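Several structures are given next for inspection.
Here chain A shows up in two complexes: once beside chain B, once beside chain C.
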Partner chain A sequence: MNDKWTLLWQIALRNLRAHRRKSLIVGFILFLATGIIVFFGALVDAVDAGMTRSVTQSAAGHLQIHSADAKDKLALYGDEFASMPDIGLMLDFAAVAKVVRAVPNVKAIVPMGIDFAMSSQGNEMDRWLASLRQAVRDGDEPKIVERRDHVRAVVKRMYDELSGAKEMVSAGGDFVKQLADAKRATEPEFWNTFDADRLAALEFLENKISPLETHLSDAWVQFLGTDLDAFEANFDRFKLVEGTRVPKGKRGFLFNHGFYEEYLKHRVARVLDALKRHRDEGHSIDDDAEARGKRDRLVGQYRRVLYQLDLAAGVKLEAELRTYLAQNEADLPTLLQELLKVNDSNFDERYAWFYEHIAPHIELYPVKIGDVIPLQAYTRSGYSKSVNVKVYGTYTFEGLEKSDIGKAFNLVDLITFRELYALMTPERMAEVQALREKSGIKDVKREGAEAELFGGGDTELEKTVVARGFDEFGEGGIGKISRSDAEEGFDPAELERGVAINAAVLLHDASTEAQATALLAIEAATKAADLNVKVVGWQEAAGMVGQLAVVARLILYVIVFLLLLVAVVVINNSMVIATMERVKEIGTMRAIGASRRYIASLFVIETFVLGLVAGGLGVVGGVTGIVFWQAVGLPAQNAFMTFLFSGPRLHPDVSLTHILVALTLTMFFALLSTLYPAWLASRIRPVTAMAEDG
Partner chain B sequence: MSTAMKTCLALLFVGSTAFAQTPPPAVPAAPSAVAAAPAAPLSAEKMKEILARIDDRQRNTGDYKAKAFIEQREKNKQDVFYEAVFYRRDISEQFLILFLAPRTEAGKGYLRIDKNLWMYDPSTGKWERRTERERIGGTNSRSQDFDPLNYARDFTHVYVGAERLGAFAVHHLKLRVKDGAKAPDPVIELWVDAATDNVLKQQDYALSGRLLRTAYYPKWEKVFSESKKTEIYYAKEIRIFDEVEKQNRTTVLIDKVDLRPLEPNIFTKAWLEFKSR
Partner chain C sequence: MSNPNAIVHIQDAHKVYPLGHTEVVALRGINLTIERGEFAAIAGPSGSGKTTLLNLIGCVDVATRGEVIVCGQATQTLSDTVLTRLRLLKLGFIFQSFNLVSVLDVFQNVEFPLLLQGKLSKAERKVLVESIIEKVGLTGQRGQRPAQLSGGQRQRVAVARALVTRPELVLADEPTANLDSETGERIIDLMRDLNHAEGTTFIFSTHDPKIMERADRLVHIADGRIVESTR
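What follows is the complex of A and B.
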């Protein structure tokens, strides 16, 4: 018996050598399949882990909790409609936190909520005038003088520019009136009397001069309100870039550094930065339509620089630019336009020149660290709410600086968030109801509005009434206005008490199995405590972003499946051809007593040996590839890849599981593809071999 | 049918046809709901004359102050209700809204000087520049609902046709804003009551032709102005329907009007800041 099987193995090995071509083709296919499965398996796992880190360590946590009354699905990074879903709210966060913290494996629970606010900055002149108005309000004389002189210089510059626009002057109309106003604002009489009635002079400048500058910079700011200390402690990718942390018990705002640089920075500087990044990534400006567009539009932005220069800076810069650009006759606007005409050959030099000579004279950021900014949001009560909040600094998620997800949120303390989110209280509802009753307004729905309003019955088109004088302020004026004080503190215990929209749960053991267990345990505990909340995994909480992991894995499975399908077909074909070539040999073996099973086994052994050798080599190849990229790091080419890789480079790691899975799959499909040829060979009869011989 | 009856019917037919062809009287004694037939078409000159009349009679030569209620209903949102007072000085085209209630909104305001529209929030003490398209207090109302557009001066006009709006004979006009003029939207359509020359309906369109909102003016009142020595008109009730978010609607109701002179410095930031202290 043993001799028989030894002989079988010997024949199989001989056959592999004898049919070298077939063995090479099949072996190569198996080598390739195994190598690819090992390589991409490890890569996808690394991407999966990277993506998990990106999401879980940058706001999502491992699990998310929100109200069970949610109308929409939670999507931390926005849903497919790019809107913020309505996920209800947890009115008593403290109760939820208490129950969740008692669940085993829970490391922390961090309350949060996401919302948008408008930060309206007006144009450059508006900002200077607002600052001057504030100085006047505060009676800050040195600042008044400094701001006043700056505004005066900028107004002069604006007038010089506008009066040069001859076509517009000849067109007449409003422009001529505007020009006359601008001229008045440049005259010594205007500035000599400025101090006599500062508010009147400011009104004139704000309403007549400022509109001459057309650039408005309103920004929608997405923010995540949270317990800032807990956030920093539990999301370990959090890193302060500039400024300081928001002190405990203080209201405060932290800009996301990427948002601060790419959306708030001075327009000219940020376009130059974007072009530099583009070039640093090895691309050319001239060869890229988007970069060319940015470059071409840059020249038209010169006024954003011009209107920020005070008199002394303007004179100094004009002299420096004349020397630098070797244009002795040109004026400052022309020189600035010339400087901003960048291309691939002069970019690096002009970029450096801009930052060395111009940046110190302009406001690179409309909001600076330490400033107090007003944030205005439409609250859930339907009314708008404005809050003054101090900007303490900028932060980033380490490794995700270039990723869009890393720039998704600015951070604000939870107390400010709650103010901007404000729910309708019973007292306010009663007040609104009283107003409605006082007005006597009846609701008219769209459907049938014309018939209802113009049916003739209640319509009054010329009722004569007598004007009645009224005093809107009565005796008590309009009541006490509550001021938003950016310096106002709060009791840190307040963070727990009150509303949270959702909360991130972080686990000690974050393995997939542990996450699933914790999810079920929290669900059970909150249900037992009658808390009416829903618990979801980070993939679900991250919305479309979370689905990327599933999609990436699905793509790998499809690729591997197709690859193995091709391998099955190729191996099967090769073996069938080999069987046909070996009819005589098999027939002879059958004639001398080899059973059908014996013949079939011969083919299976051949494939098994080939699979082991080629698969083994494939494993070596795949592992070598992974080891190489592990050492070097696979570079992220764009923001999306930075998110996938959870950093600028991906360092994949190979495990025994990858090797075993690859070998098992390869062997299984190789043997599967041998079944038909083996069966075919086993059906060969001795007479067929003899007939072929004849 | 008897001959007498036939004669009566014929007379009725002739009579009604003749009535339909007769231009409506400029100032009818009764509401035009009785004018069931469409109005006679307007010539370009007549159209401009009517628009100029609308513009003129809504403006006072002196000051104007009114107290208004504004109600906003939105799908899946809490209803919003304001009590506000608005001030106009039509000669210099200045305009101010000051919210009085609810308590949390008191002191907020909008101030327009020339083409500048400012919003003030006393809780932050900041002024923000806004556009003509600003939704006043987040409702569907805009400054044009409190400070009427200048139809004759700021728009070009096309006559669309004589139509009926409910029980009223109306002129349907299409207006396009002139370059440089202030208007929230570039194209508007008006339905003007043929009998009283009051605007009964206005639709605002984007440049793309998309309908943005429809406003109805079912109630007009007139009040004698000492400074102008004639009556000035105002829409007592405005019903605004959002055509983008179809479920959203706003009602503006003017409660009281006061034509006494206002403080000289009322249209300044300083005044509103002072009042909102």
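What follows is the complex of A and C.
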């Protein structure tokens, strides 16, 4: 007969109402737990998915392949020590590519390699002197006069600045000597004799004066060498911002737009930009220590503007600044410093003024689209290698513009990369290995060795190699490679034929299962082809970054576990107390003839109903939270969050799975915490009904 | 069991409770037979063992030593499940503090044991419950919760609950202790009437001489022993 159980439900429901305090406490905890599990579960999944998109669609692909001889683990975004790990070389990329492309579900394989290079632009004075020297060499008299007068003006400014630094004068030593040299370069007799021996005067200026300007614009540039066409075609996030693509079969360099704007741009403009971004995000300069620091240091950067101004611009700007700042007596350095004293109230106006009146007279970027830049890198054996390469444009990873990791790589063609890395072609490598073989070292690519020993190699390729000095012992040095070299084309087939450090594999079906299947299939196929490579998932390939989702998930699990643990303890306590309060009633029921099971069921039903109601409300709360943030978009507060969110805002999505998991977990733990009180209640002896309180 | 008309037969029953490291002897060799249809009172001062004796008869506790036979069943050999079943089907309880289920109304409290038994249909239960509520004079209060009732009304609900299953034996532990004397007497009269009308056996404990007077049989207990048994 069901009526007995119907009544039990009725008693349970009424008990929940009767013991309101207990119900509210337990219910609130269950509500909170369910809400948190739904909300943060959905959020972590969204972050996981966002991060996956960030990593896989920017440079990692779904799988990465590298040599099995790797000494370190592949870490595309750098390892814990922010250094480039040694992951060996894939000598014959073409062979690997051929095998991998034949594996089902593989969409593409893109060869790559990451390296650092220094791009030295010299300082402002160096550049003016270089242009003066060029004019002298060309015998271009009007230009010589113009450049000479400018150099003279800048030297004068430098001297005035330096001699004004009293505290440094008192420091004595080298500085006194340097100041004397600078003084000499400002005196009329130096410039009167300039035309008599221009080269000697230039040498003096280059050796003694130029070093006084310490603002070297050397930049360390991290770049990813790749098949640029394949890269663009396969990484959806790639977007050209300025300039043009590197033409097929041409060598070329693409700056990462964020890197270009935030690391290469004129320092004063860059700091002003950063402060503007900060303010545009709704913050004030005064409220943020970092922004305050930037602002305070900005004033000291005025020389970077000053030294770039030619005479005419200096005069014009001085007049404009006097009017703008209403300081009729002040000189240009003072005026510039005054202009750069920005604060929250004058910032927008000064920012606009800077770009309108100053920016046109200075070089905003040391490297412009279309320039040829020298890249100097150190090969693995420690030799310095330098290559000139043309900058075709800037690119970005869409949605990751603000993320540090989205700004990590500049792009260069694979041929230039190989040259900088001093990577040899298979033929050259085979020759070295043949030598090793002679001296008894094993592990030799036999087919390559034969090709080299018996002249079976690709002769055209060999010529290219020799002409470019692929050899580490070649004569590559700063700026030694002529401009024509930088513009030189190559046979696109060369991209495949040579060496690659690693390669990204993109899949059609990118689900976790499909990735795992593809990984195993590629492993099996490359092993069967005796290719000596290692295949890793993007999570592993991304280094520390790849572990972030795992860490976030782990943190969530720990929080949920602790929360549920607290819930279990609190629920258990409340229920035990409730049991104690109801001893007499339960004893009476037992005396009248209710079984132990009936009593235990009463408690389980109470928790079940409470769990369902509170959990249901928790689900509603959690889902509401997610729906709200889905509509509004959770804003990324910083670069790192932009990366995690794979864009400026995260739009989390909640699924039935989140709801079911949350409800199941809450119900399970709620019922778990009721087991003991229910058991305790069922043990209440009927004799307690008889016992009197007094 | 020698007497076929006996509903309760107790032979040399002892009950010892552990209390910390010592023991409390509540009953020391009780011999008692109660016949069907009796209206028996167990009298004695506080701590004399009245309630313990009633607990043994009510099958909510078992003797440490000796034999307690209730409705033909030797209780000390039975499992909790069987004892529960025995209480449900054969016994009725009236408690000193009424012990109603606070969240159920009068009708539901009375219906509760019938539901636990699960023998009757809803319609049958309704007829039965309503007639017994009428007998105890609470028809007007059938939808009220215990908190809304007076002490006497509550005890009448308890009486109705104890009798609704037509038990062979009803046990009442000081049923009038928490009631004023007038109300207490009326409750006893109600029990007395039901005893006469239905032939139900009643055993109740009390230390109120006025109540004792109404009993057919008076069992005096002191120090865990029966000192006098009169009819």
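What we mean here is this: the second predicted complex is superposed on the first by the 544 of 694 C-alpha atoms of A that agree within 3 Å, B and C clash if a C-alpha of one lies under 4 Å from a C-alpha of the other, contacts with A are read in each partner's own complex, and residues count from 1 in each chain.
We take it that a contact is a pair of C-beta atoms (placed from the backbone, for glycine too) under 8 Å apart; a residue touches a chain by one contact, two chains touch by 3 or more.
Keep in mind the model is a prediction, meaning the values are calculated, not measured.
K.L.:
Please work out whether A:Pro374 is in contact with chain B alone, chain C alone, both, or neither, and reply first, second, both or neither.
P.N.:
first
K.L.:
Figure out whether A:Pro142 sits in contact with chain B (first) or chain C (second), or with both, or with neither.
P.N.:
neither
K.L.:
Applying the touch criterion given at the start, work out whether A:Glu206 contacts chain B, chain C, both or neither, answering first, second, both or neither.
P.N.:
In the superposed model, A:Glu206 contacts chain B only, not chain C.
K.L.:
Which one hits more chain A residues, chain B or chain C?
P.N.:
In the superposed model, B touches more residues of chain A.
K.L.:
Is A:Asn388 touching anything from chain B or chain C once the two structures are fitted on A? First, second, both or neither.
P.N.:
first
K.L.:
Touch check for A:Pro188: first (chain B), second (chain C), both, or neither?
P.N.:
So A:Pro188 meets neither chain B nor chain C here.
K.L.:
One more residue to check, A:Ile592. First (chain B), second (chain C), both or neither?
P.N.:
In the superposed model, A:Ile592 contacts chain C only, not chain B.
K.L.:
State whether A:Gly282 touches chain B only (first), chain C only (second), both chains, or neither.
P.N.:
A:Gly282 contacts neither chain B nor chain C.
K.L.:
Of the residues on chain A, which ones does chain B touch that chain C also touches?
P.N.:
On chain A, the chain B and chain C contacts do not overlap at all.
K.L.:
Report the residues of chain A in contact with chain C in the complex, numbered from low to high.
P.N.:
Checking each residue of chain A against chain C gives 1, 3-4, 7, 10-11, 14-15, 17-18, 584-585, 587-596, 598, 685-687, 689-690, 692-693.
K.L.:
Flag every residue of chain B that touches chain A in the complex, lowest number first.
P.N.:
By the definition above, chain B touches chain A via 31-33, 65, 67, 69, 71-74, 76-83, 85, 98, 100-108, 113-116, 121-130, 137-138, 165-168, 180, 193, 195-196, 198, 200-201, 216, 218-225, 231, 236, 239, 241, 246, 249, 251, 253, 255-260, 268-270, 275-277.
K.L.:
Give every residue of chain C touching chain A within the complex, in rising order.
P.N.:
Going by the criterion above, the answer is residues 51, 54-55, 58, 60-61, 80-81, 84-85, 87-89, 93, 95-97, 99-104, 108, 111-113, 115-118, 122, 161, 173.
K.L.:
Would you mind writing out the residues of chain A in touch with chain B in their complex?
P.N.:
Interface residues on the chain A side: 86, 120, 122-123, 126, 130, 133, 137, 173-174, 199-200, 202-203, 206-208, 210-211, 216, 374, 376, 378, 380-388, 424, 428-429, 431-432, 435-436, 438-441, 443-446, 449-451, 453-456, 458-470, 472-473, 477-479, 481-484.
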